[in-house]
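What follows is a pair of complexes built around chain A, which joins chain B in one and chain C in the other.
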Partner chain A sequence: MNNPELGTPITDIDSRVSHAQAEPLPFPFPESGAGRASEFPSNAVPTSEPLLLFEQVSKWYGNVLALNHVTLELRGGITGLVGANGAGKSTLLRMANGQIIPTLGRVMVRGIDARDWQARRYVGYCPDIDAFYEDFSGRRFVRLMARLCGYSRTEATRRTEEVLERVGMRDRADRKLRGYSKGMRQRVKIAQALLHDPELLILDEPLSGIDPIGRQELLELFQGLARQGKCLLISSHELEALEKLTNHVVIMARGRVAAVGTLSQIRDLLEDHPLSVRITAEKARALARQLLGLPEVLAVEVDESTEPSSLVVKAHNPKRFFESFANLVVEEQIEVKKLEPLDESAHAILGYLLGGSGKT
Partner chain B sequence: MPAIGESNPVAEDPHAAPSVVTAFCVLTVESFRRHGQVRQMVWVSAGLLALVVASVLVVSLRTGWGLPDRRLQRGVSHRQHADRLDMVRALPLPIGGPGVMLAAVGPFQGIVRPQDDPEDPRRVTFPFSNFLNDWAFMNYSRWVVLGAFLGFVLPLFTLSYASAAFGAERESRSLVWVMTRPIPRPAIYLAKFFGALPWCLVFTVGGFVALCFAGGELGRRALELYWPATIGGTIAFAALFHLIGALFKRPVVVGLVYVFFFEALVAALPGSLKQLSITFYARSLMYNAASSAGYPAGMLDVPQAASPAVAWAFLGSVTFGLTALGMWLFARSEYRDDV
Partner chain C sequence: MPTEADNLLRYRPWNGEPRNPLFASVAMARVSLWLLARQKLLWGLFALALLVFFFFFYAQYLVVWITSQLANETVRFGGIPVTVGNLTRFLDRLSLNGTAHTFGNFIWFQGYMLVIVLALTGSVLIGNDFFHGSLPFYLSKPIGRWHYVLGKCLAIGVVVNVMITLPALVLWVQAGLLYEWQSYYLDNFDLLLGILGYGLVLTITLSLLVVATAVWVRRMVPLVMIWMGLFVFLRMLATLLVDGMRLDERWRLIDLWNVLYLTGLSCLRVDPETIRPAPQPEYWEAWVVVGAVCLACAAYLRNRIRAVEIVS
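Coming up: the complex of A and B.
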């Protein structure tokens, strides 16, 4: 990857995403805010204001830093938000719809503070929680949500039927919510988010609990919405599912935006991004000699001040490095006490790209 | 299964623009409707009310609320005490002697009329038949209306409904649906209050009416005199408990602590601290109503009672002040749907 800032730690990247612009997305993104070509060009109301803007946003819960200097800009298309539990995904999403106040920085929706009720006219939110008015039917619930958007009875009924049709629930919406399957509840949640035809859809784990057929239907729904010019920010634990939907992801780790871009760009970056790993093992010096024989290893530093000794290994192409290291450990019967990646963000990204949960 | 995802976006009708006023009204009505579902705390309050009503009914039917049969001291009723006084025949001074009146009649001033002993004009007797008035109404007012109703039933019913406006939705984690609608936060707070208030009024006034029915004619008189204070107190308590419901995760616990440790305890203490309690002003209104109707309001035991103007001003200020404070705080609070 031809990137002048490869030495920059991934965790320090400011993320500026614009699906509506035609330039390919460099990674890390320059301050000018160039974006990548969108597969779903936005036909939203032309405006210079980004649909969603996080500007140097930090959020503390007591002593816990939930978000750390997050800068993010969305203008259209589908963006996947991935990260391990506790990475800050849900905090970011709740902040985007005004539920949570940033400790530092600001969150804007079309130039309006996300806390302002008018900003919520632009935002449809599908929460992760599975709580409803259980005594309501799906239709009655969605209709109430439409009425709470401020629509008249007639208009609310019309919109309710339209969104239920869109999520495939029109013929099943008269049963009580308490009797719905997880997938049906998920569809109702998505339906209520679509009621006021928002430009920005924030979907927190919308695919969880959905069977494969339902998942495919929802993926098609999301793609259809994006084609109609909506901006979708979708969080998920499952990178694989998001990969079918969008090639554009925001990866979060420990409250920071660890990386933004297409998956191939991030993979390319990781190929070249040096990874530091601390390995605690018996016979550290002998292990260091063998590690230096691996082509992926750039440097090894032995620390014999601890018992047992440890090594700090700097390697590129982490995926190949870990494969080679695993083979070496098995072949040479080396007893590894501890393996600790020192760059948590790269570690998290790697975890996702390797198909894990971010906790490799 | 219909195909999804390919239909048009929800079409805009220029004549069907959303209105925040409509949303506010719908939220108010919906909050009212959801409050109709009986909750555990309401059952507890209803049980307490039933207990109080039954007790009042029993007393009303068996002994009545007249003073002669009410307890004056431990194990001694007013009638028994009067009988004992009847034995002080040897007092040396004639009727009208101030020493005799103060010493012997003190506890019954305005209640019992001493009469001459026909056998000895220097002596006085206090026959029970000479009770000027049994003051059943004041007795009923003090123990039933100010004690049981104002002290427990009213705050508990109000707490049950007002704190549930947010508390119940927070517990069921369904508040997120309201919080993510395009409605200003202060309007959400106000709509929830308006939705809960009718239930608070219906149940507290209903409870009061039930107690009054159980009291028979005395109750009817109490209803006539005290209903404004009941309504004023209910609205003020509702504003307070609604605020508590919006701010605390365990509003019922906080509310109960407030009712039993502040309203019940502090309001009974001598000194000016009680003037911070809502109950004091509701009691003052009842005191003034009884006093205006010609009853010896001193029997209600409301020392330093506030004037009607001050009491109404306080209750009104508390209602508007707490509601405005709640709107302000709620607009600045965070709601997390995961906790």
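Coming up: the complex of A and C.
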């Protein structure tokens, strides 16, 4: 499948999947799956209204269709939004923040139209632009944003200091914005989004321009927020970083939601692309013979250049394959040293879905 | 397992309710004024406006002092004897005697500075929000688009009143002190209300006009050109049509500053027959024009606001 039918989103998972509804992750977990969304509690607020709801939303810019019948529902945890440039990610995020009007359909935040100012009490937004009034200091800018949230002077100051501390900018916040590096600007943007303790955080490319140490700090920050019951919708081209944060993703292509769910769930549905798994085990040749007896296995390559030997298995229907494989291992008492899915990364899945390398 | 970052993430409980977004408008107005205060050019214009005020302030004092102290004395200019009372004749058309015309004239002349300041203000306050990318930040907060407009209008209102209403009030207080202050303040209390009314009309009309034109063109140079067109070209055209070509005096209604002047004079209860240049349209006609301008600006803003989208 070079380019799956982008016009038909993979809705077996159901494009209205939310974290609260998402099934447990199938075995095996991706090795990089630390901090996955299912570890986080669903939103703490007991309400039937989804935190963010896109219902049959389309958006035209003149003759260009930016979003095409997007239906999406978020209730908690961290959701990554990935897709190539021009796929409609930023349009979707701005719409969730009420900054863009849908041409068709509706966007609701906790049951309130996203355009309504009251909906924005639930939403913190970190835009992708990093242009400010350059004469402002970081602290002044964040404090202004706090006043816009409706806080008194004292409360605005307190919250400003808190969020600046949280993003590691408290000691540098008196410098003028024009002297900030890209990473510092990102931190200030994230700080202003956190000010009013929103239930939903919309972050457009929050990791761009941030050094590796800072990135790790921010990833921990996001994970911490999710643990507190916040819902985070993060658009990023930094797929490796995003995978560390969550494996629940919305993949967009040409204005449509191409797939929603965990990377494993999405991978399972890509039946045209056999799953590749590297298995390191003793008696690799014997294991290869037995694996070829499984109906799901299409091919097995034995690599004896390593010690112990390893196999690269290509199988369709990954879920059934892993069940059968687990049974086989138990029945035959095979000692498996290592099991490594080779194409369950976001890169690989994007590559399958969007064609090409999957680079965004 | 909790990490160190988790400990930083605790929000201290806050049981308060966020205040009405109208307070956000006030915060926005304050920041807008701060931005204006950083424009050196505007400080220069404020200084010129202050000169206009000082001219009226000291001229009013001079006229009263000369009239009461030296009116019948004679001084020699180049060997020619001149009655001191005649020295201030050139100030007569400004009516510097604490009457309604004093304040009307002050606001009229101060208006030249005000128009230039507002032309620059529009691009600084609104145009820059587009170019500096502040709009997505503002509009991502729990405020409506009208709160944003209100915040900007408030800032412009402060500029208008600091340049116009406040100095006019100072002139009123000064006039009272120059004459019999008790009777002046009592007899001319309606002038005080008139000044406030004039200021209110200017505040509402000009703030809406500034925001509407700034939302429309955004950049400073086109904005200044539009304002010059509105307040200079149309004024010249109206003068040409009425005074030069002797057309109907209603053609003066295209001169917005004159229209605002007429509404202001109606607030000050000036006899229409005494208004110069004559002839002038009726007061109610000026009010209709001012109302129409405000409605047009509000309607334009409403359309723009409904369609505001941050797409880049």
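Following the convention adopted for this analysis, the second predicted complex is superposed on the first by the 239 of 360 C-alpha atoms of A that agree within 3 Å, B and C clash if a C-alpha of one lies under 4 Å from a C-alpha of the other, contacts with A are read in each partner's own complex, and residues count from 1 in each chain.
Note that contacts are C-beta pairs under 8 Å (C-beta built on N, C-alpha and C of every residue); 3 or more make two chains touch, one makes a residue touch a chain.
Worth saying up front: this structure is predicted, and the values here are computed from it rather than measured.
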Superposition on chain A - do chain B and chain C clash or fit: clash
Contacts of A:R170 with chain B and chain C, given as first, second, both or neither: first
Residues of chain A contacting chain B in one complex and chain C in the other: 94, 97-101, 117-118, 120-121, 123, 125, 127, 129, 131-133, 135, 144-145, 147-152, 155, 158, 162, 165-166, 192, 196-197, 217, 220-221, 223-225, 228
Residues of chain A that touch chain C when the two form their complex: 61, 91, 94, 97-101, 116-118, 120-121, 123-125, 127, 129-135, 144-145, 147-152, 155, 158, 162, 165-166, 192-193, 196-197, 217, 220-221, 223-225, 227-228
List of chain C residues in touch with chain A within their complex: 3-6, 8-9, 11-12, 14, 16, 18-21, 23-24, 27-28, 31, 35, 38, 128, 131-134, 136-144, 147, 307, 309-311
Of all residues in chain A, those that touch chain B in their complex: 90, 94, 97-101, 117-118, 120-121, 123, 125, 127-129, 131-133, 135, 144-145, 147-152, 154-155, 158-159, 162-163, 165-168, 170-171, 192, 194-197, 217-218, 220-225, 228, 230
Residue ranges of chain B touching chain A (in the complex, touch as defined): 1-13, 16, 18-23, 26-27, 30, 34, 37, 172-174, 176-185, 332, 334-338
